[in-house]
Amino acid sequence: MSTLTAPENPDADDTVKAVFDDIRNSRGTDYINNIWRYLARDPALLKDTWSEIKSVMGSDTHIDSKTKEMIYIAVSVANACSYCVHSHTAAAKAKGMTDAEQTELMRVIALAAKTNHLVTAMQIPVDSTFDADQKK
Amino acid sequence: MSTLTAPENPDADDTVKAVFDDIRNSRGTDYINNIWRYLARDPALLKDTWSEIKSVMGSDTHIDSKTKEMIYIAVSVANACSYCVHSHTAAAKAKGMTDAEQTELMRVIALAAKTNHLVTAMQIPVDSTFDADQKK
Amino acid sequence: MSTLTAPENPDADDTVKAVFDDIRNSRGTDYINNIWRYLARDPALLKDTWSEIKSVMGSDTHIDSKTKEMIYIAVSVANACSYCVHSHTAAAKAKGMTDAEQTELMRVIALAAKTNHLVTAMQIPVDSTFDADQKK
Amino acid sequence: MSTLTAPENPDADDTVKAVFDDIRNSRGTDYINNIWRYLARDPALLKDTWSEIKSVMGSDTHIDSKTKEMIYIAVSVANACSYCVHSHTAAAKAKGMTDAEQTELMRVIALAAKTNHLVTAMQIPVDSTFDADQKK
Amino acid sequence: MSTLTAPENPDADDTVKAVFDDIRNSRGTDYINNIWRYLARDPALLKDTWSEIKSVMGSDTHIDSKTKEMIYIAVSVANACSYCVHSHTAAAKAKGMTDAEQTELMRVIALAAKTNHLVTAMQIPVDSTFDADQKK
Amino acid sequence: MSTLTAPENPDADDTVKAVFDDIRNSRGTDYINNIWRYLARDPALLKDTWSEIKSVMGSDTHIDSKTKEMIYIAVSVANACSYCVHSHTAAAKAKGMTDAEQTELMRVIALAAKTNHLVTAMQIPVDSTFDADQKK
């Protein structure tokens, strides 16, 4: 089920075809997963989203790609996005996340959620020592 | 402001004193930040929480400590826990997170939130290729 | 699957029958969708919920009905309510939301989520100029 | 700070005055807390909200009032509503919540959040035995 | 579907077997539901999670077990954890939650969410009278 | 307080100065609000964020600007972003949102949150009639 339909012949649109070709090339597979197939309903949104993903999640940055996928998983879990948890877990595994790293990631996410809720229940004041402005 | 009071003489309780001493030793400072001061209202909860933090966030695991703090920040941002974002950003910096890593972390968190919401708006089906059970 | 059962003969209860008839009349169809069928387990809750929906989402107010459905979708996406995203997208389309408006709505929701997370990560102070109390 | 202003003379409006009087009577104090003072900007919304609170949170129902306030706190923590956590913690204490119950409530909320995130990270299938429809 | 696989012969691991036996004994059934079957991928995480559930949710505490399950449901609904809502609704029913209590719980959760969002939209200041520190 | 510092002389950076000038021109005021001042810590992120805001929230699209700000508020409320609720309420008012529209927006957001939680508590199946794929 979905709230909008994926186009039946996405490659008929030049913008979509260019993005799909780039996805296929960058991943070495013909398979296009559902987020891209459905975003193709709006070629400009597809193009912008893919471009941003490539730029932010690519390998030539300060944080390595596998770690960035693990951070992506953490946010997706907290936002309860089922599709995103699945797709980025698959991506993290493709970039080398081991079983041990996956379950440790789960531990960190779960503990963060636990203390997030503890702290919100207590409504405690932020220590002034944490303030970046104070330290500049 | 807070919903429960921090005890005025926390070190008077043996359990609390032991935890506070361990916090001070492990960080090399006498300063005890607010989450621990307020949790001291319930010494058993304080002890369990500190013990779990030490075990999960310590350095002798599969994911390095700085990365774990960055994952912790990601969850805390998505759960909108102001205190937690402050305290774990301070912890990540203490463990070596650079300014460039911090802003790149922000980019990853923000992009994840963006696609989380896009995907939830589309309600697209999960690709069967993502299923771990299918692959075992 | 569900956590409570829909009654098998909902029209046997007078309160339920009156609400179901009103739903059928106001929509011009005999079909009753699942939220109402399951809420019928508690006729008073069914009646109150339908009454509130009719009052808030009706056409005789300051914001037009199509726009209110789009706002409803936005909240439902952020709260990760799958059923709600589906049902209110259908409602918005029934009230005239075009494909172009739907994808633009997705863009606004996604961008809001992105900057929500950026801002929460930065924990920046609210500008005093935004304070309504200051301006009165 | 706020996004709308509380009226300066709320009692000048008959609807507001009636609600404020009812709040004062039911609590035995002249103090009106901020949610009601700001909702008075829209007397109909004030009246409907107070009426719903009285009806749902009152004492003549299946779940006792103190427990309902504790459930209210749990939802408010998960939704990160600072004002709500404060006001309903005060209400729960006024209805008899002890310090030991408050910290036990915190433990349950924190554990629930922890396993919520664990389960969402695993994306496990729901056991068919949990299905209410199956059991009817 | 899932993001990690449940082990095929979980009882082959001693830690897993001990936990599964304890689950079976404490519930009087051979059935092990999915959260435990999948957590068995990481025996230490399984053991710690079960141990914490037993300790926090057990019967020998300040808040009765049925009420704790209802609080657990409230958090799970707000965090949009489908599996958790199902499993803890089943647990609450097993501990005596009636149909009337279930729908009243739904009313409280729904009303809390409503006022959480109202208050967040208004961004109203917290009344100083709610501050626990002020009252000590 | 904040987790990163705003640069003291932001206009000294050419990229920042160009963005700030564009913000000032498009709004007809010299005042730069905090999100932009703090994002200036990372000029590329500042530039990309402002560019996306201008493109998505501008006036030349299918949904009018005031409505888009109201949708933005809805998402920001559900995501509990205090700063965002303040800044986009100010923006919506600047684009003509009346007091009556603001409180009606609050009603719609609050009702959506209420039924989001009701539906998630019930875990009801999505009606197949809502499926866009089915209708294509």
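Assorted remarks:
Order of writing sets the chain letters: A, B, C, D, E and F. Residues in each chain are counted from 1.
Quick note on the criterion: a residue touches a chain if its C-beta (ideal position, glycine included) is under 8 Å from a C-beta of that chain, and two chains touch if they have at least 3 such contacts.
These figures come from a predicted structure and were not determined experimentally.
Within the contact network of the assembly, the step distance from subunit B to subunit C comes to 1.
Chains that count as touching both subunit B and subunit F, per the definition above, are A, C, D, E. The interface with the greater count of contacting C-beta pairs, when D-F is set against E-F, is E-F. For this pair, subunit A with subunit D, the centres built from the Cα atoms lie 34 Å apart. Annotation: 27 Å between the Cα-based centres of subunit B and subunit D. Mean C-alpha position of subunit C lies 20 Å from that of subunit F.
Along subunit C, residues 1-4, 75, 77-82, 85-86, 89, 105-107, 109, 111-118, 120-123, 126, 130-132 each make contact with two or more other chains. Arrangement of the chains shown, judged by which pairs touch: all-to-all, with no pair of chains left without contact.
Of all residues in subunit D, only 1-4, 31, 33-35, 38-39, 49, 52-53, 56-57, 61-63, 67-68, 70-72, 74-79, 81-84, 86-90, 98, 100-101, 104-105, 107-109, 111-127, 129-132 touch subunit E in the complex they form. Per the touch definition, subunit E reaches subunit B in the complex via residues 1-6, 8, 126, 128, 130-136.
Every residue of subunit B that touches subunit F in the complex is listed here, in rising order: 80, 85-86, 89, 99, 102-103, 106-107, 117. The touching residues of subunit C, when paired with subunit E in their complex, are 1, 3-4, 41-42, 45, 75, 79-81. Partner subunit C is touched in their complex by these residues of subunit B: 73, 77-78, 80, 82, 85-86, 105-106, 109-118, 120-123.
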